[in-house]
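Right after this note come the structures.
The following pair of complexes shares a single chain, chain A, combined with chain B in the former and chain C in the latter.
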Partner chain A sequence: MKQLFPAQHVMGFLFSLLLSLVALVAVLFDLSFAAGMTILVVTALVQAGLQLFLFMHVKENAESKTLYLNILYALFVGLVTIFGTLFAMRWGYMVK
Partner chain B sequence: MKIDHSVPMEYSTDENKMKILGFWIFLGAEIALFSTLFAVYFTLQGNTNVGPTASDLFHLSPVMIETILLLSSSFTIGLGVHAMRLGLKKPMMTFFGITLVLGAAFLGVEVYEFVTYVGEGATIQTSGFLSALFTLLGTHGLHVTFGLLWGGSILLQIKKRGFTPETTNKSFIFSLYWHFLDVVWIFIFSFVYLKGLM
Partner chain C sequence: MKWDEFFVTGEPMIYAAMVSIVVVSLAIPIALTYFKKWNWLWTNWLTTVDHKKIGVMYILAALLMLFRGGVDALLMRAQTAVPDNGLLDGQHYNEIFTTHGVIMILFMAMPFIIGLMNVVIPLQIGARDVAFPRLNAVSFWLFFSGAMLFNISFVIGGSPDAGWSAYFPLASLEFSPTVGNNYYAIALQIAGIGTLLTGINFLVTILKMRAPGMTLMKMPMFTWSVLITNVIIVFAFPVLTVALALMTLDRQFGTQFFAMQSGGMDMLWANLFWVWGHPEVYIVVLPAFGIYSEIISAFARKNLYGYKSMVVSMVAISLLSFVVWAHHFYTMGHGVMVNSVFSITTMAIAIPTGVKIFNWLFTLRKGKISFTTPMLYSLAFIPIFTIGGVTGVMLAMASADYQYHNTMFLVAHFHYVLIPGTVFAVIAGFHFWFPKVFGFRLNEKLGKWAFWFITVSFNVTFFPLFILGLNGMTRRMYTYSESTGYGALNMVSMVGALGLTVGFIILVYNIYYSVRYSPRDTNGDPWDARSLEWSTHSPVPEYNFALIPTVDRLDAHWFSKKEGKPLATGKYEPIHMPNNSGVPIIMGAAFFFWGFFMVFSWWIPAIVFGVVILGTLAYRTFEKDHGHYISVEEIERTEKALRGEQHEN
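Our next item is the complex of A and B:
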């Protein structure tokens, strides 16, 4: 039975639950927008990294370098899409 | 077909390795897809017309339940892959089964939430904010729905054929898909719900 629940997975799971509780701090306390967003960005990125390295086994793949490059490229495209859109539609286009 | 016994069975042939790599490239395209939907949502989130705003609409408890369900399902499918590598068929099938049940429960809460929203007069046609919200959440929910059908059919194959290079490869790729959906949900949880309630 014990071999079915490796400590690393169990710890990772508890940590992921903890991270979502920490993210709640942004809502439950009256923080500034910048402070709240910082908490959300940090907890979301750590959470995503946890999934990627612990559960998706990126490191063990023989082609892990290709995988990193592929993920980084996808993230680059994603961030340019999101921030480029916001720049064009919101921030760079102020109606006076 | 050359089978390499030094690596887990899902990587054991050249074709298997290529399929796993190919699936990662697909996930890269999925990141681009969800980025466009997040971009639309962030652009339109203030355009609430006569409808409710994010903080009027969202409630913390159903969202927390959804998050815990999906995080747990990500954990159980991880245990399923672990059991598969130990060659234990029954525990692997149990963990995959629990994963699908948790996924179905997540969908149940999400449908309940959508019904509540529409009952409060917040439909996909009410405002730009709600169109973007329902498109983003709906696309994620559709992925989970598809995952339930996919995972169910993989369970049947494991039951019939046991662990072979093909079935373990399919199971592993499905686990990658499931973890990816969990990651997308984390971003929805943080930047749609919690940010909306902030």
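Our next item is the complex of A and C:
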């Protein structure tokens, strides 16, 4: 019975709920912008990692190299889109 | 809303279109009933999950859209052929250049490419179908309902008129109050989801379903190009999905994302559109590079020169394609730093592309070249595409671009890239793989007539636009005065457009002619080609390969022919195949009606069809469908019939 009970997943699930609650702090309390953002970014990163490794079984796959490459590519495109947009539309926009 | 707002009125050409739509939509069911073909159509085509048939349907739809977009193009050329022309008014001209662009890119080039992928990829990697056959059918029907929804805008409600890039603020409710741009947002959204599903499907297919022994570096070049294309699709299309959703929210739900006030930013649309839009250019052009690689190496009778550098340059292009988008709007307020960065990244793309051009040239070097129709298109592609590429480098220089921006020079440039890059490629691929699907080749003589008409007329149509652009003619202007001096070159361009029409008519006539008169192939390898798809019969049986081939090197089929060693040995075993399903087409229809009601903001019917869409998903979730087995006896019977042997009994 002990082997059948998915203890790891239940713990993971509880932990992801906890992370969401921690993220709520950013709006519930009167924090400074920087402090709020820090809390959000950190909890989001931990949450994403938790989902990927615990619930989406990245490690358990025989071809996890392909998956890591894919995640890297996604990170590349995501970061380029976000920071590229900020660069083109905010930081470098209408600069004389 | 009144009826005269619902239907587009007041133009004789539109009335003619309405009549022809009604006639065709009555004629098809009547003909199907009369010839008792409903059942055949339903079981063999509409419910199919067979990748080859889905591919054929994609290509048929693409050819249909080629003619729709082509008529738009002819009308534009006719309108601008002489100064102060009154054939079309400004509004009608705006609608036509908008639908021309959207249809040619999203409903012609994309489905043609995806159709060829569908037909060829599983065969080329030695698989029996794609990874998710049912999902593949869903992709097709979503694309099809998106395309049809976009096309009816022409007679119901009015077409979008803010350009294919639909820049804000012009595309906002304030400046485009008709439902036209709602059609744009919703139809592209539906078709885009279909494309995204295709991307995931083929990614998994190529990574997981290759024949034993086919490592990544032994894959045919077309498969490589499609793999990389689908990676780009998976990462670029979500940006379009989000941008279109924001557009819908702005136009129909009162948000202010792309507004000029209230904290919105109109230029953010252009930014997001091109974050998707530039990779999109490579989505349609990379598979074309793959097609050319296959054809050039097959008809030069040599292996592809520089295989590894081909792969590396495609990977480089796929990464670079995501870091160049701002070059589409250099003149819209960026500082020097932004423009310099994007200039450099843009010019860097010319390097891997140049590598590929040289690889094709070296493949041709000392080859025994046979000048078949697909080969002619591939040979014409190299110099014409190079003109497109070089003018691209001219446009890439931000400071010089202030001269060219939004002129006919730009229009000429992207037609010089996309027509030889994509259209020639899909036509070449169409001629090349046609015998694989149907068991006979298209007539070579007619094919070559069409080729010469299309290639020569293409240059006559688009070369004058370079000069017109440098002389100052801007794009999208519906008329001009005689004193501008644009008349003569525009007339030359019109003549070219007529020549292109003749070429495409010959191309389609060739299909009819070849169906009737072409001699049937007997060995499944009419071109004496190199990759696995030519090792099975033509037309390909449902299960593709009776025995899965084993691969030990690139061009394994070629070496098996040379060395007389079969690729597959062993005994037949029952083959597991997926079942047909009516759910995808029902889902497509539900999406069509949902989209239609969304366009007109008729919420209650939209919600009803939204529930139907969810219902089809729920049905699939609880459906028990384990596919079917093809028995050994049936395989033997089919194989014998395909080899042309008689039945024993």
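Definition applied: the second predicted complex is superposed on the first by the 88 of 96 C-alpha atoms of A that agree within 3 Å, B and C clash if a C-alpha of one lies under 4 Å from a C-alpha of the other, contacts with A are read in each partner's own complex, and residues count from 1 in each chain.
Basically, contacts are C-beta pairs under 8 Å (C-beta built on N, C-alpha and C of every residue); 3 or more make two chains touch, one makes a residue touch a chain.
None of the values given here were measured: they were computed from a predicted structure.
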Exercise. Could you classify chain B and chain C on chain A, in the superposed arrangement, as clash or fit?
Key: clash
Practice problem: With both structures superposed, pick whichever of chain B and chain C touches the larger number of chain A residues. | Solution: B
Quiz prompt | Which of chain B and chain C A:37 touches, first, second, both or neither | solution = first
Quiz item: Which partner does A:15 contact after superposing on A: first (chain B), second (chain C), both, neither?
Solution: neither
Practice problem: Return first, second, both or neither, reflecting whether A:87 touches chain B, chain C, both chains, or no partner chain. | Solution: second
Quiz item: After superposition on the shared chain, which partner residues are touched by A:66: those of chain B (first), chain C (second), both, or neither?
Solution: both
Quiz item: Which partner does A:77 contact after superposing on A: first (chain B), second (chain C), both, neither?
Solution: both
Quiz item: First (chain B), second (chain C), both or neither: which does A:53 touch?
Solution: neither
Exercise. Name the contact category of A:4: first (chain B only), second (chain C only), both, or neither.
Key: first
Exercise. Using the touch definition from the top, say if A:29 reaches chain B (first), chain C (second), both or neither.
Key: neither
Practice problem: Mind checking 25-33, 61-69 or 187-195? I need the stretch of chain B that runs into chain C in the superposition. | Solution: 25-33
Quiz prompt | On chain A, the residue positions that both chain B and chain C contact, one per complex | solution = 63, 66, 73-74, 77, 81, 84-85, 89
Practice problem: State the interface residues of chain B toward chain A in the complex, per the touch definition above. | Solution: 7, 11, 17, 20-21, 24-25, 27-29, 31-32, 34-36, 38-40, 42-43, 60, 64, 67-68, 71-72, 74-75, 77-79, 81-83, 86, 88, 91, 175-176, 179-180, 182-183, 186-187, 189-191, 194-195, 197-198
Practice problem: Would you pull the chain A residues touching chain B in the complex into a rising list? | Solution: 3-6, 9, 12-13, 16-17, 20, 23-24, 26-27, 31, 33, 36-37, 40-41, 43-44, 47-48, 51-52, 54-57, 61-63, 66-67, 70-71, 73-75, 77-79, 81-82, 84-86, 89-90
Quiz item: Of all residues in chain A, which touch chain C in the complex?
Solution: 63, 66, 73-74, 76-77, 80-81, 84-85, 87-89, 92-96
Quiz item: Which chain C residues qualify as touching chain A in the complex?
Solution: 207, 231, 235-236, 239, 265, 267-268, 271-272, 275, 319, 322-323, 325-326, 333-338, 341-342
